[in-house]
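Labels run A, B, C and D following the written order; every chain starts at residue 1.
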Amino acid sequence: MLELSDRIIEYFGLSHQYSLIVIVVLFFVYGLFALTFGSLFAGITSWYERRIAGRMQSRIGPNRVGYQGFWQWLADGLKCWFKEDIIPRDTDSLLFRIAPYLVFTGVLCTFVVIPFSPSVVGSDMNVGIVYIIAITALVVAGILMAGWSSNSKWTLLGGIRSTAQMISYEIPVALSLIVVIIPAGTLSLQKIIISQGGAPYNWYIFHNPAAFVAFFVYFIAALAEGNRTPFDLPEAESELVAGYNTEYSGMRFLFFLFAEWMNLYVIGGIATALFLGGWRIPGVSYEVQSASIWLEFLGFIIYLIKALILVNVIIWLRWTLPRLRIDQLMIMCYKYLLPISILLIVISIIFTILYELFPLLGVVVRVLLFLTSLLILGYFSYRVYYNIKNFPDKVYLKWMI
Amino acid sequence: MNINEVHSEVVKFFPGKISDVITSGKLSFFYFDREIIYDLFLVLRDKIGMEFKHLSYIASVDMKDHFELIYCLYSYRWGSVIHLKTRLNREGPHIRTISDLFVAAEWHEREAYDLMGIVFNDHPDLRRIMLPDDFEGHPLRKDFVEKDNYHGIPTRRDKILGRF
Amino acid sequence: MTLEERLNAVKRDNEILLNMGPQHPSTHGVIRFIVRSDGEIMVEALPVVGYLHRGIEKLAEMTPYAGFIPYTDRVDYLAAMFCNHAFVMGVERLLGIEVPRRAEYLRVIASELNRIASHLISLGSMAMDIGAFTPFLHGIRERELINDITEMLCGARLTYNYMRIGGVSNDINDKILKKISDFLDRFLPGFIEEFNRLITYNEILVKRCVNIGTISSEEAINFGLVGPNLRASGVKWDLRKNMPYSVYPEFKFEVPVGEGFRGSVGDSYDRFVVRVKEMEESAKIIRQAISSIPDGEIMAKVPKRIKPPAGEVYSAVESARGELGYHIISDGLENPYRCKIRTGSFSAMKAIHIKSQGCFIADLVVLIASMDIVAPEIDR
Amino acid sequence: MSFSEYYNNIKNSVVSIFEGMAVTFSWMLRRPHTVQYPDRVEPSRPIVQQRFRGLLEVDLNICTGCLACQRTCPIGVIMIEVSKGAERYITRFDIEAGKCMYCGLCVEACPTGAIRHTGEFAFSVGDIRKLVLHFVNEPVKPYKPVKDAEPPAGKEVGSIVREIVNRRREGYTQYIPPAVPEVSSKGDKEST
């Protein structure tokens, strides 16, 4: 953000003593942009998720409010805004009120670090990843407050379950990110993206087999972090009615939902930044890209597309998989994800050393991994084709009916 | 193992306490005295030749001057079903429970207690199963008269037809 | 002894009393469980039933035989055809009427279609209780086709009132036969394989259902379990095979039995898989029935006012939830003197009460769903 | 927990999740099955099949006033009043659509098929008293079936009920059963 302010000062030819004001204005503008982008993204994903869920369950999903139901999220938002915001009688009212805002800010603060394009980023901290892991602890506090203060047994159960889950899954998230930091050498997200090349095969996901597996470990652990799909235990409808946010209504309830859907983008954003080469355009070096405005905008679009693909996978997982039980969740974290991610770090170190000794090996491994991922995609599309062939319902892509 | 073979076996154990096989309509059964219920069912369940291990249901019938309990037993090993009946007097019908022999019996006996008012001695958890706890009377009895309201809620539904 | 006394008798201080009340997303229908648990592990889940008690047995004593058939639909609205069949078969035995073969075939076709529909709902809602929404909606989509067929056949989607004493009310025509065979071509190889790939072999569902509420065969018989719950525990007992009624002996079908597919014999996963296999068998029966349906009229000669001779009869049918029997006592008048209805879910509740001790709250939900209990069947 | 079991757990879950996602993705490419009733209805999927037991309807041209339907109805939902005296008139034929369970027993009991089920089902009313369908506005002579003469042409199925259903938006007016026309005291037989 600081180079951006210097470039603006030269552009307008102001003298340098104004730089403080320009930085403050820039931060304010960026804060506004991050908030609106996050909320818009959360809103539209809520509509998008219900449409995708509909399609997967051979039904249609909301298509009445606006074109194809696009304004459904606005309608829900207004409904929640005008709905009466009930605070049950004997709740711990202070904690009850603060909890949703804590959860919301916890998620929003990660936007500081997630880059949008080469120069547009909140603040390119050199402790980017550590900051992300630290700030999500705020969400845990918020959920526990919500669970405890609603003063009902069900919400208490939901709150305690989700704290246990989120705290224990922060470790695999951190460890699996370290696997990528070893070859990158830095903690700041911008520099990690810069150190990845543009073309797909020199993304960090294909850098070495450990990073390839680490991508999936991170993805699963981040899902648990965001209380999504196989791990949406805290608000397990069938058992705990709605988990920690049962007693909330109106705008407070909306903040919880905002946090959940914004979390989707956070997971997608961090994964693209670290594993899928962020806003790098294939064949364009960093210097060229940061020079022209249009290439930066293209970088932002590419970043968004990659993040959206991951968000799509998260939504798709939600409507396919059942839910894990609380003890299976813990076993999976401590017996499967943790040892595997530690093992991956060791392998990643070995590979980085090997790459120093034989630079050619790096290219070979990268291309091999890239081909294996193409192979997996090919096998997957064969399975989809097999499904379609074996059932009388034929493909019908004019699905915007 | 149809009903007659079972009857001939069982009569040897409990002479005089078991009536002979009666067939009314399409169902054949025999009566047994109230006192021998526990031993009779123990024999029926555990004797090698019979092994009636599955208690299908316990039906309670109000025969105006006395009550009757119908027990239906299945033997999966021999693929046969038998029905047994017992008579209980009108005032204060009580019989020993068999829920310690058949776990299924516990709920069937609670239903008989709830709807017909038959008390099952030393039943582990003899409560009303379907009706609220403070409901007076046992509806399945022939002489049951429904009260007009329950906690102020009218139970008689007025005839709509003809008034509108 | 009332409920409060029962709870105070066993109260311990470190327990919390959770009220999985009548209004709860995962108790199928209106049933209440008072869960005594410390944290996640349950000490006991005491079932409280009776919220859906309509006193059908008392009503039976006030309505004539022919008029009671619509009431039998309401005993188990998810598998209403079986309730019709059991009652109607009982009265026919009392009257000694011989039902024409075509009517028997129509009854078997309608019943087996109803079994598939009932199993689709029970499997779907079990998957939904564990968290997977999509299988439930795929099941409902297939069930919609069955509803259309039954609507064309007998006029209603859920409470059919299709069978009459002495036969069936409506005849089948080629349009319905074609719709049934279309449904079967779509259902047997295609849907079941896809359903299995989507959810039955899904590792998370397997891990959630294996070794939950394991009931051995002796326990199952002692609890009085019937139907898929009993067969999943390894007892090969199916009324259609062991005490054949109607025209079932003419069809070739196997009885799936639980063999501990991924865990021990008689756990929740076995009950899930046994139901999936039973759907396949029912589809085979319907195929055979459609291909060999005889001609002839569909109603026997029945007197205008049905007055069966004094006597008793117990007629049982293998319903989707096990043995469904009517013990009808008639005293020669127009109304039955007493009509006891024996249903499958009633004894399954007792099994849940015993098997829920010591497992997680999340497992209670799985146990309830795997027993496939339906509230109206319990309370009648 | 041996290593092979550990490995199998991972392999099984990866393979089964992979299969499950392939199934759901294949459903994303197919046509949804929902029929968007009431405004976008597809002709290929009729809302109501032919034998659907919808609202009951009585065609008074062919009703003989034999009260068979009233007797067979298990819950007593039909009420018919036939005036006594030389000239029998049907003065009231009410069906309480709110309490009826659409079981179809009355339709089978009717000798001439006067009472029948229609395909109508959308009948929500603001006032519960309007749920009672009144089919007799002025007294009607019950139809006497002549041995071989075919019955007079009955109205098209559903037309009578549709009238009542379309009138449901008007306010509720108390239904007064029509008075029986005075037969002249000498009881001379008019030509019927």
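One rule holds for everything that comes next: a contact is a pair of C-beta atoms (placed from the backbone, for glycine too) under 8 Å apart; a residue touches a chain by one contact, two chains touch by 3 or more.
All figures in this text were calculated on a predicted structure; none of them were measured in a lab.
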Pair of chains joined by more contacts [C-beta pairs], B-D or A-C: A-C
Cα-centroid distance, chain A relative to chain C, in whole angstrom: 45
Whole-Å gap separating chain B and chain D, where each centre is the average of the chain's CA atoms: 41
Centroid spacing, where centroids are CA-atom means, of chain B and chain C in whole angstrom: 23
Centre-of-Cα separation between chain B and chain A, whole angstrom: 63
Residues of chain C engaged with two or more neighbouring chains: 134, 138, 141, 194, 197-199, 202, 204
Chain D: positions in contact with at least two other chains: 9, 17, 19-20, 22-24, 27, 33
Touch-based graph of the chains, sorted into line, ring, star, complete or other: other
Sites on chain C touched by chain A in the complex: 16, 18, 24-26, 39-40, 127-134, 137-138, 141, 185-186, 189-191, 193-194, 197-199, 202, 204-205, 207-208, 360-363, 365
In the complex, chain A residues that touch chain C: 53, 56-59, 153-154, 157, 230, 232, 236-239, 241, 319-328, 387, 390-392
Of all residues in chain C, those that touch chain D in their complex: 63-64, 66-71, 134, 138, 141, 144, 148, 151-156, 159, 161, 164, 169-170, 194, 197-199, 201-204, 206
Chain A to chain D touching residues, read off their complex: 52, 54-60, 316-317, 319-321, 335-336, 380, 383-384, 386-388, 391, 393-397, 399, 401
Of chain D, residues touching chain A in the complex: 1, 6, 9-10, 17-34, 36
